[in-house]
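In what follows, structures are represented as structure tokens.
Below are two complexes that have chain A in common, paired first with chain B and then with chain C.
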Partner chain A sequence: MRERLTGLLLALPAIATIALLYLMPLIASMTGAFETEAGFGLGNFVKSTELYTTDILYTLMIVSLSTLIIAGLSIAIAGYLTLGENPKAVAILRWLYRWPLFIPFIVVGQVLRTFLAKNGLMNNLLVAGGILTPLQTVSFLDWRGIVIAFVWKQTPFVTLLVAGAMASIDRGTIEAARNLGASRLRILIEIVVPQVRTTLLVGMVLSFVTMMSVLSVPLMISAQSPTMITADIAFRINAYGDYGVANALGMISLAMTMAVAIVYLRLNLKEKAK
Partner chain B sequence: MTDAAFLAVSDVTVGYAGTTVLDRLSLGVDRGEFVALLGSSGCGKTTLLRTIAGFNTPRSGSLTLAGRDITRAAPDRRGMAMVFQSYALWPHMTVAQNIGYGLKLRKAPRSDIAARVDEIASMLGLSGLQARKPGQLSGGQRQRVALGRALAVEPEILLLDEPLSNLDARVRLGVRHEIRALQKRLGITAIHVTHDREEAMVMADRIVILDRGRIAQEGSPEEVYNRPASPFVAAFMGAENVVSLEGSVDGDRIAIAAGPHNRPATIARETRALATGRFQARFRTEAAELLPAPPRPAFGDQADKASDDGALRLRGTVCQTSYPGGVWRHVVAIGAAEVSVDADQPVEPGTDVVLRVPSSALFLFDAPEDGAEQVSRAAA
Partner chain C sequence: MSALANRGESALPAPDGRVFSLDLWWLPRALVLGLVAFAIFGPLANLLLWTVAERWYFPNTLPLEYGFSYWAKVFSPRGVAWESLGTSILIALLTVLFALALAIPAGYALGRLKLPARSLILLVFLIPQAFPNLPVYVNIARFFYDVGLNGTIAGVVLVHVTHGLVFAVWIATAAFAAVDAELEEAARSMGAGALRAFRDVTLPLAMPGLMASGIFVFLESLDEFTGSFFVGAPDVTTLPLLLYTAGAGGNYQGASITALLLLVPSIAFMLVVERFLRADVLARIGH
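Then we have the complex of A and B:
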């Protein structure tokens, strides 16, 4: 009995820290989402959907599309690292692909803003190369710019996870397929990716959640309407001091990430049950 | 000889980054033959198999299959299928998918694949398991799926890379015979890599013993067991008792001079390649007979020549007795050397004894120049 009490006392600071710094603010913002001037109710959510349905769908579209492109690219890069037969190319790629991991989102946003603008570096190069005329240039500073920024920043992270998983699968399973005549692309799709799909899913879910919470990229690249939920939350608070709607929007993006997490957990459980 | 062989490995050198693993190695394999590549770890046996399979490209030399040059052919253009040590089954596919994958790659119609998978499964005793994943199978079943996957594409040559080393000892004994029987029934050519002497002996038509990237000896199991060509092969084939002798070679006879612990003896030379001088004698634990020592004076230089029946007699003292099962094992000190000898009856430690090693079980080699015991590491 005494020992249990001592144990509890020892754990108390940690529990208190979690309760004070993590649970309380979360609960406060959850209850805040239901507080309106007329008392508790769904007013904030009604207002959120009236004003921001387009932005919510826009966010979902951008983040989902980015997640899929990231998955495709990371499979391609990690696959080449695992199956590539030119050791020099593999070494160069291995050294190169991780750099974006060390660059903050805000810097990514800024770099890509100058790169993708109508008179930005990319279009200047295309014009100088005679591929486009100045009149044909378009700005990529809309949903495409945000997707490019997310993919650029998050692909190395997922690749890191996937390449690690691919490196640890039994090389024999690859050689056995090659022995029977499978091409490298078939080996990647039919032999390697199925063996690392859990890791790939983890990487995709983590990326999805990260991208849902990034404010700097939409602000830097495309803050006009439509924009992402994060920009809207910042706008409600900074421009109107409207914490109610901001909390409601926060709850909505939380619901979206939870949905993804649940899908992932479901798949994981099914896998284990097999 | 390699011209006529079905699979010919000629003067092949293989290395990884600066080290040479196979050194100008040549080997011929006939159609329908079961060849075992035997050696300790690091001898190059797996590298040789992988070179034959096409996973390693030789630095020099060539490989031909039925007269066709395959030195640089892709692994799947060689008509070979490999069974991996780890089985390397695809964990996300069912047994049927694993076995049928090679046929799927060859774009066989789905009904043909299903029929072939069923045929293979029933041949290997896997019927009813087709829908399972490899994770739900026992070690022996996995091993058979790996074998079935290789056999499904009807290869001309089956390559086996230590396929039994991950099995329980008891299962392994059964699978040895199963694989051998299957190979005979299908008339398929097989190359089997192993470090297990007995496994090579019971499975193969021909054993190729590798040592440091070269072939130390090749021949039928009986040949390499009874007529080892070098101390290395003798040690690898279990003749680990070593004694130093001196003697002279005279025509078809070998005269072993009397030494501090042995009587003189004259034995037939037979096929032994030997020069007058110091000999290294090797014999197996079960090859020597343990006899009671005659009284001291009788064992002198003037000992009766009549008792010399073409066998080597060594005098020693038993220093340890144990019972590993079936026979009693004795450690006998012969001077500074210690040898192991089996006998039906135990002999008390401390007893003086005579070891009689018949000529047929006595392997004689010229003693190594530096006198170093280079061969003992092969014992593992």
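Then we have the complex of A and C:
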């Protein structure tokens, strides 16, 4: 009994900090979304959908597309790390893929803004290589730039998780399939990926939530309309001090992540029921 | 893909009868690895070029003039970079101190002691990772404005602590759980007090994991943009805020130099992280 009390007392300051500085503002944002000048109501949501429906769909499209590309690339990289037969190539890839892992989003935004611009290094090299003429170059600083920035930054994180999970699966089934003549692609899709599905989904959900709350990348790469909800929230507050609509937009992004989390939990439950 | 099975075909018999192995698979491998390398290092090379570009405009492939005049400008005694760097490091150090002071006791309790509702408490520390945090920052800024913490170092530190506490508590819990409980019991049975046994036995053994969580919190604080943007700006200028302002003003050299300053510690950590977070600690995260 004494141990339980000591334990609670030791953990209490940390819990109190989270409650005061995270849970309270979170609840304030939920109630704030319904506060209008005419009292409690749905006015902020009506205004949000009138002004920002395009941006809401745009955000959903960008984040979903990025999540799918990240999943595909991380399966490919982790798959090669697990099934690759040339130790040198595996070692090089293992050394390469992690670089963006801890690079902050704001730096990713700056780096890719210069790289993907009309006169960025990417276009310049394509021109120098004779693939494009200077007049054919296009700037990628729109939704494509945001997707590229998200994929660039988040793929190493999901790959790290997925490669870890792949390393711990039983090699026996892989060797058996290999001896029966199955190709490595088939082994990856039919044997390896199903066994790491849970880890892959966790990585995808975590990336989805992270991308939904990044402000710097949309601000730096493409802040003109249409843009992402996060940039709209910052604009509502800095330009109008309009906390009502900002909180309503916040609730909409919360609802999107909740929907993703629920899909994930359902898949998880189904798997456990099997 | 089935062709991958026939890799032996490229082994050619050399004139003297020995098998001379020329692995033609290096061609596609080199191509793909080269593309990956370009995707990762191309943008970073572009950043490095911008930090030393004196003049660079469309349609020139490379800068017209190189030099360090922007470095001199950014780091001049009256430049804002030194001040921002100092502010950022001060905030990050305070954040680490504060977060570890909260996370070490909590991690010890969660990792070693019998605790009522243990999984519920661990879940509470997961919530900040499960929701988009922008609405939270917006409302914290509003609350801080009312109590006079907006635009102060203390306000920014508190926001960073909340954010960093999630990782700090989870890693500290795993680090303490990985230390053998019998060692502490042995110290106790030889007459050491609870505090002494913790200080001389458990704490040193958990230190690598705690160091990792400290470094992680430090980096998270150094790199944090959204919270500082709402709570700190324009009175407190951290490096990410300086980067943003420089970039928004079209000063690509200044923004790139600031970005490089933030890039160096991030990449250094990526290269050494596995020395601090041993596999036995990593395996316990989330249990």
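Here, the second predicted complex is superposed on the first by the 257 of 274 C-alpha atoms of A that agree within 3 Å, B and C clash if a C-alpha of one lies under 4 Å from a C-alpha of the other, contacts with A are read in each partner's own complex, and residues count from 1 in each chain.
Assume a residue touches a chain if its C-beta (ideal position, glycine included) is under 8 Å from a C-beta of that chain, and two chains touch if they have at least 3 such contacts.
Computed from a prediction, not measured in an experiment: that's the story for all the values here.
Novice: In the superposition on chain A, see if there is space for chain B and chain C together, and answer fit or clash.
Specialist: When both complexes are placed onto chain A, chain B and chain C end up side by side without any clash.
Novice: Thinking of the overlay built on chain A, is A:100 touched by chain B (first), by chain C (second), by both, or by neither?
Specialist: Second partner only, chain C.
Novice: Once the two complexes are aligned on chain A, which partner has more residues of chain A within touching range, chain B or chain C?
Specialist: Greater contact footprint in residues on chain A: C.
Novice: Angle at the Cα centre of chain A spanned by the Cα centres of chain C and chain B: state it in steps of 10 degrees.
Specialist: 80
Novice: Is A:191 touching the first partner chain B, the second partner chain C, both, or neither of them?
Specialist: Only chain B is touched by A:191; chain C is not.
Novice: State whether A:173 touches chain B only (first), chain C only (second), both chains, or neither.
Specialist: First partner only, chain B.
Novice: Identify the partner contact of A:181: answer first if only chain B is touched, second if only chain C is, both if each is, neither if none is.
Specialist: The answer is both, since A:181 touches chain B and chain C.
Novice: After the superposition on A, what does A:110 contact: first (chain B), second (chain C), both or neither?
Specialist: Touch partner of A:110: chain C, not chain B.
Novice: Applying the touch criterion given at the start, work out whether A:10 contacts chain B, chain C, both or neither, answering first, second, both or neither.
Specialist: The answer is second: A:10 touches chain C but not chain B.
Novice: Would you sort A:54 into first (chain B), second (chain C), both or neither based on which partner it touches?
Specialist: It touches nothing on chain B or chain C.
Novice: After superposing the two complexes on chain A, what is the shortest C-alpha distance between chain B and chain C, in Å?
Specialist: Result, nearest C-alpha distance in the overlay: 7 Å.
Novice: Shared contact residues on chain A, chain B side and chain C side combined as an intersection?
Specialist: Common interface on chain A, chain B vs chain C: 181, 186.
Novice: Please output the residues of chain A touching chain B within their complex, sorted ascending.
Specialist: The touching residues are 170, 172-173, 175-182, 186, 191, 194-195, 274.
Novice: Name, in rising order, each residue of chain C that touches chain A in their complex.
Specialist: 1-2, 4-5, 7, 23, 25, 29, 33, 36-37, 39-47, 49-50, 56-62, 102-103, 105-106, 108-110, 113-116, 121, 124-125, 127-140, 142-143, 158-159, 161-162, 165, 169, 219, 222-226, 229-230, 240, 243-244, 247-248, 252, 255-256, 259, 262-263, 266-267, 269-270, 273
Novice: Report the residues of chain B in contact with chain A in the complex, numbered from low to high.
Specialist: Residue positions touching the partner: 53-55, 75-76, 80-82, 84-92, 101-102, 105-106, 133, 149, 153.
Novice: Mind pulling up the chain A residues that touch chain C in the complex?
Specialist: 3-4, 6-8, 10-11, 13-15, 17-19, 21-26, 28-29, 32, 85-86, 89, 92-93, 96-107, 109-115, 118-122, 124-125, 127-128, 134, 137, 152, 181, 183-186, 206, 209, 212-216, 219-220, 230, 233-234, 237, 243, 246-247, 250-251, 253-254, 257, 261
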